[in-house]
Amino acid sequence: MSDGWAGAAADLLDEADSAALVDHHVHGALRTGPSRSAYGRALNEVDTDPAPPQVNPFDSQLGFAIRAWCAPVLGLERHADPDDYWTARAALGEDEVNRRFLTAANVSHWLVDTGFRTADLTDPHTMAVTSGGNAAEVVRLETLAEQVVAEGATPSTYADAFRELLERRSLSAVAAKSVLAYRAGFDVDLGRPDDLEVERRSERWFVESEHTDSPRLVDPRLIAFGIHEAADLGLAIQLHVGLGDRDLDLHRCDPMLLLDLLRAPGVARVPVLLLHCYPFERQAGYLAQGFGNVFLDVGLAVNHLGARSTELVARSLELAPLHKVLYSSDACGPSDLHFLGARLWRNAMARVLGGFVDADEWALADARRVLRMVARDNALHAYERLDELPS
Amino acid sequence: MSDGWAGAAADLLDEADSAALVDHHVHGALRTGPSRSAYGRALNEVDTDPAPPQVNPFDSQLGFAIRAWCAPVLGLERHADPDDYWTARAALGEDEVNRRFLTAANVSHWLVDTGFRTADLTDPHTMAVTSGGNAAEVVRLETLAEQVVAEGATPSTYADAFRELLERRSLSAVAAKSVLAYRAGFDVDLGRPDDLEVERRSERWFVESEHTDSPRLVDPRLIAFGIHEAADLGLAIQLHVGLGDRDLDLHRCDPMLLLDLLRAPGVARVPVLLLHCYPFERQAGYLAQGFGNVFLDVGLAVNHLGARSTELVARSLELAPLHKVLYSSDACGPSDLHFLGARLWRNAMARVLGGFVDADEWALADARRVLRMVARDNALHAYERLDELPS
Amino acid sequence: MSDGWAGAAADLLDEADSAALVDHHVHGALRTGPSRSAYGRALNEVDTDPAPPQVNPFDSQLGFAIRAWCAPVLGLERHADPDDYWTARAALGEDEVNRRFLTAANVSHWLVDTGFRTADLTDPHTMAVTSGGNAAEVVRLETLAEQVVAEGATPSTYADAFRELLERRSLSAVAAKSVLAYRAGFDVDLGRPDDLEVERRSERWFVESEHTDSPRLVDPRLIAFGIHEAADLGLAIQLHVGLGDRDLDLHRCDPMLLLDLLRAPGVARVPVLLLHCYPFERQAGYLAQGFGNVFLDVGLAVNHLGARSTELVARSLELAPLHKVLYSSDACGPSDLHFLGARLWRNAMARVLGGFVDADEWALADARRVLRMVARDNALHAYERLDELPS
């Protein structure tokens, strides 16, 4: 990999390549081959409309990065033409595409959010088998809440039914995730509601969703209820922060707005993982220095920034103590993204830490050690249950 | 130009120099030579007071950039002394200064905001003649509203009179611009008001401005009315975002606060151009990925950041799809700024894209193509009317 | 110092090393040697809890920077092992440690905040004697207010007693500092309260703090009173902005929220110094361009960012006119930090300005001049009283 690399970055790229990663927040890979337009849509995180025909969805940092780094995995030259890329990808079939990308990612542990697009995406077991690594489940709290409702809970049974389902699912889960960012934003009261408030709130929710088949949880108090319950069970809490699709009010997802939640005693007892964080990665670093249980990553954004991801990774290494930074791809769907996240992150870490070493700000041995920490050790410490779970 | 440049950046600088730019948001050049203190004041965007005598207004990134890049156009060495620069500039006279800078800018299309300091600045026709390029008009919505009032509208006739004037002016305009950022900030209700509300609001405005000769529109609902009307006419909407003078509450100009406006169906049908964006350029990139009709530039700030503009241009190339980024200078007054914006932008693009290529993240051919897109093609697509207008 | 440095950065590093700095905001050094755990805690600005035993407090950018730059001052190799560093430091004793670091910092003027941890830290006189430089006092407004109460003020005497104490203390002080950021945030009414409001507010404060020995001022109106009074006396006003410990709501310390205060006529007559500013340094630069009396630094954050401080210093040189940027370490306690701030700042300035020169954006002579301005001249102008004070 290190052709054309010089200085400490070349050494560190070898180190990065040899380290099996913990991808601590990811979704499944596609079960079946996408249409070309669906694939193109997967290259835009924020906009959910189909791109107009005159626009090439590869004309973005992400598209250029796929052509640069994923093309060789499909047997093509670097910077392959988009048409050639698509043709080669489609010819291989999704199983072979997944096998190639998931093994090339060199990930030892996938922590898979199973609460989103479950029907389209491979489950953790398949991720493990296909990649030759391990996989563990992350349960999505809003999805559990909606399942409780679908299974017939009433306002008076909702709180207990949610607790019971969460407890059952937590037996095989390594963490709980909340998409509060999407559903309500962070500028809401995140204190713990009592059961009476949960009953009143769920009653309102049930009335509002009476005529829909798939009730969608948006009540911030019910979401807060789920987070506090998960913390009580000792589950690590993953929180989507920053960058997401355009339904999300980005300015209401500044992680600083989570201060009250982080100051809650129950939440302070479990790891809280701030995901993505773009463009608030410096605020997330501040929280990671301030709270012994807060971690961050810059997943998702690394893929979308492509050639600019080096600077983003560098900014994630400012205030946060070095044992509080994690790796994730947040890939969802095309397994090109599962691989690309790992590739770009390895390149960025080698360049950034290599720069520190070449400027004689860091010793090379420290840089190697930090690379391993962020690649895997920090995650293995944050998710203590990772080794206890049935695989 | 490419002495001392190496690698792909040198190739891309040649490409950048050969591309005639579309400066999609700019003001006129000075009609007559400024006093030295007025010239110094023009180097500070934010502060509108005269600088104290002991302060050299050239002691800023902008001042250093003028001395580095504009001095040779006046026949001086790079990094000329401020006194020498001023002497040479004054000796040439404003017509010759304008001729030199506007031609050296190599801009094929100037899209000129004609609603600000009209008496002091050259009109689009003069811009075209002086530069040997083309010029089109951008109408400023707040100025039109104030003109309607000056021409005797009453509360009951205001809405129709505004519509009529806007429609008439739109025949020769390529876009409409709003300075909502200055007048009210974005944290206001930007939904479409009905005519009854417009009548009530304009009545209040008229009462408040009864004793002034130049009524100033600050009512956010009346400004929103103007924006929605312009969108109805199919006009592209330019919005001032971020950086401006100190009357502006910068934190209330975060483009994320425009989400509701961008989600309005009428606005979604026309191009929306986010101007300047500093220090919110990453948020603007997020919106450009999220909304098929949203574009951004980092004009104005490029000039003010001078040697630091490379990093700003790089940050504008993160989330935004590459067909959604535009060039502008936002120069206003001294034509040194019309030239400098183009010069710094070309340098920055060559350095940034050259860096991507040298790191083998982008192919050189793609970098060349993207350079042309941002230099001109993206603007020509965004402003479809540019070719239909009488020139 | 300039081994391994090339280009203009090497020249500028020599220039930086030869310039004696004005550290315009700093605290005292430790009077006595800390325990190892107290020392470790001093490496984390935000979190005030002891680090868990398995965590090495040196595993941060700050810790790596101490090992890289402070170790040689203690007679160790660069990148010394943390255990070796601690052993050498403890063996020397705090007086010798202070002597070494404070002289190695090459600071001609220390402007010392005397209102925080006074019992643990050296006073300005000792700072001057130990370092061979000069020291002046910065009075902390909240501490004065609390002293007035401790000395028996009643609601009806509070305003006058505060004024009297402030006036007395101002005779030997070069500036007044407020930690409004910590106590209330900036999103409060910062207009000037009249004496009646001060009486009412102090009454409420006294009632609330009746049963505590150390009344803590958190009322934003009383803090605003102090700031306006200090401005009346012509004192420069230092304001903590951004980065601080986790009791601080970072998003409520955006300096843009100070706009109303900065627009107050009395405040406009004195220098206002925005301290630290991370991650709002670009907003602070905007204010420094906008208001003739506003200055900024990126102290504290430079130490905490270590190898990443170069980028931060670069961002502080964007919109701010070059006579509006200052140096501070904001070191507090271990004198390693007093030295490190100066060392990292010199390195960063040499690298950043050297980059501008090597790209031919700045002339070398201008870079040398700006380096001296930010190192000391700007501060000497901002604090006119610095030369009038009894030393």
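Order of writing sets the labels: A, B and C. Residues in every chain begin at 1.
The rule we apply is simple: a contact is a pair of C-beta atoms (placed from the backbone, for glycine too) under 8 Å apart; a residue touches a chain by one contact, two chains touch by 3 or more.
Nothing here was measured: the structure is a model prediction, and the numbers come from that model.
Its C-alpha atoms fitted onto subunit B, subunit A is found rotated by 120°, rounded in steps of 5. The two sequence copies subunit B and subunit C touch through a face in which the numbers common to both fall below half of the numbers used overall. With centres taken as mean Cα positions, subunit C sits 37 Å from subunit B. Multi-chain contact residues of subunit C (touching two or more other chains): none found. Subunit B contributes residues 4, 44-47, 49, 51-52, 55, 59-61, 64-65, 67-68, 78-79, 243, 245-246, 249-251, 278-279, 304-308, 311 to its touches with subunit C in the complex. Only residues 254, 256-257, 259, 282-283, 286-287, 289-292, 314-315, 317-323, 355-356, 359-363, 366, 370 of subunit B touch subunit A when the two sit together in their complex.
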